[in-house]
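We just call them A, B, C and D in the order they show up, numbering each chain from 1.
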Amino acid sequence: MNILYFAWVRQKIGRAGEEVSPPPEVTTVAALVDWLAAQSPGHADAFANRRTIRCAVNQEFATPDQVVKPGDEIAFFPPVTGG
Amino acid sequence: MNILYFAWVRQKIGRAGEEVSPPPEVTTVAALVDWLAAQSPGHADAFANRRTIRCAVNQEFATPDQVVKPGDEIAFFPPVTGG
Amino acid sequence: MATVRVQQAPFDLGAEAALLAAGRTDIGGMASFVGLCRADDGLAALTLEHYPGMTERAIQAIAAQAEARWPLTGCTVIHRVGRLPPGEQIVLVLTASSHRAAALESCAFLIDWLKTRAPFWKREEFADGRERWVEAKAEDDAAASRWDAPAPLRDDH
Amino acid sequence: MATVRVQQAPFDLGAEAALLAAGRTDIGGMASFVGLCRADDGLAALTLEHYPGMTERAIQAIAAQAEARWPLTGCTVIHRVGRLPPGEQIVLVLTASSHRAAALESCAFLIDWLKTRAPFWKREEFADGRERWVEAKAEDDAAASRWDAPAPLRDDH
């Protein structure tokens, strides 16, 4: 899976993205967040408050129960503040 | 009194304005309209349907019961259609 | 105080917006509305007539109401008169505020009021030679009257 | 289809409006909103980040919603990214329609949605060196959600 990070999620994790291969039981956004949060202290910090994290799967906004699979582009970021 | 006419009121009366001296009992917009309507067939035509005529006294919108007096600038026109 | 002009000449939206923003760093949003002449039903041109003196006063009064109602940093209203063929710009309303909602709402307020309260009259001239005065629209009165009740300002930027 | 651009360079309101109206005689009204960077609390600059690809798609989707909801003849959305000092323009929404209300309402709709749905993030940089990410505002969500219920279009010009 191709993971992208934006804004302070990117800053806390210390990179703009990474290619990951979680175990097969990681099949939803929520499970992926749990798995990513265990990867490093930076990841743990970024995902500490799940309510402040938004997700897009293949460039569409996604909910925690959305299914994810190998090959997906999955982005994590704070609530948007454009305009 | 300095009377001004705009839009089709002007066209029906055939002039953009006129200086008039109505008798002293003409003290309101409504009385002035009655008096003006009797001045010529064009005036009668312009003021035939009073509901379609708007009035301003000294450049402020006025109601039929508004007092008018010598020296006032009094304008008659259709409902506005700007913008 | 608002910039109000009644003129035959065209206006320049970009230049007017730049003027309202020049040298300022307290504007969060600028809203504009430009009304244009449409070629409906074979229209060849509109001719706009106004009441010199009263028109400028009435627009200033409307703009002062907008400035009292919303926290504006600036406001420009330009209305053209004379003969305007289809595609020509007729009216510009431009409002600036620290707050986005104030700019948007005051702009809508001003154009709704210009339609119903500013002494302008439009005559339509058609390709076949017919001419007629445009009649006032009940919808425009309805659009203007929705501003009669004071609305709470949304507190955003 | 709407013109959507995400760019670092400034935009030109007047030129974009002229482009949307060029050669047309069926536009009755054009509405615009320009969002600018304010110098609040000693702000030295905003830096805007976006999600390349998704941002453009999300704005196109929002603009397509606006075009389905209102009878627009054209729609332009330009959002800048990168570092923008106070006074700089951030975002442009421009809508054109035969109907005045459609232009005004769709413009307000688009800016409300851009605030809450388009993947942009703002970082503030202050004169004293502090930096912080702007937090999403509950008022912006409220402003956007008032569009959730379909509203009847006012039938005016």
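Everything that follows uses one rule, which is that a residue touches a chain if its C-beta (ideal position, glycine included) is under 8 Å from a C-beta of that chain, and two chains touch if they have at least 3 such contacts.
The model shown is predicted, which means the values in this text are computed figures rather than measured ones.
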#### Entry: Per Cα centroids, the chain farthest from chain D
B
### Task
Provide the C-alpha centroid distance between chain C and chain D, rounded to the nearest whole angstrom.
21
### Message
Distance between chain A and chain C based on Cα centroids, please, to the nearest Å.
### Response
48
### Query
Using mean CA coordinates as chain centres, what's the chain A-chain D distance in Å?
27
### Task
Would you mind listing the residues of chain C that make contact with two or more other chains?
35, 100, 111, 115, 137, 140
### In chain A, residues with contacts to at least two other chains
83
### Message
Judged by the touch rule stated earlier, which pairs of chains are there in contact?
### Response
A-D, B-C, C-D
### Task
Spell out the part of chain C that touches chain D in their complex, as residue ranges.
12-15, 17, 21, 24-39, 86-87, 98, 100-101, 103-104, 107-108, 111, 115, 137, 139-140, 142-143, 154-157
#### Entry: chain D - residues contacting chain A, complex
35, 48-51, 53-54, 57-58, 79, 90-91, 111, 114-123, 133-136, 140
### Query
Which bits of chain B are touching chain C when the two form their complex?
4, 6-8, 56, 59-61, 75, 77-83
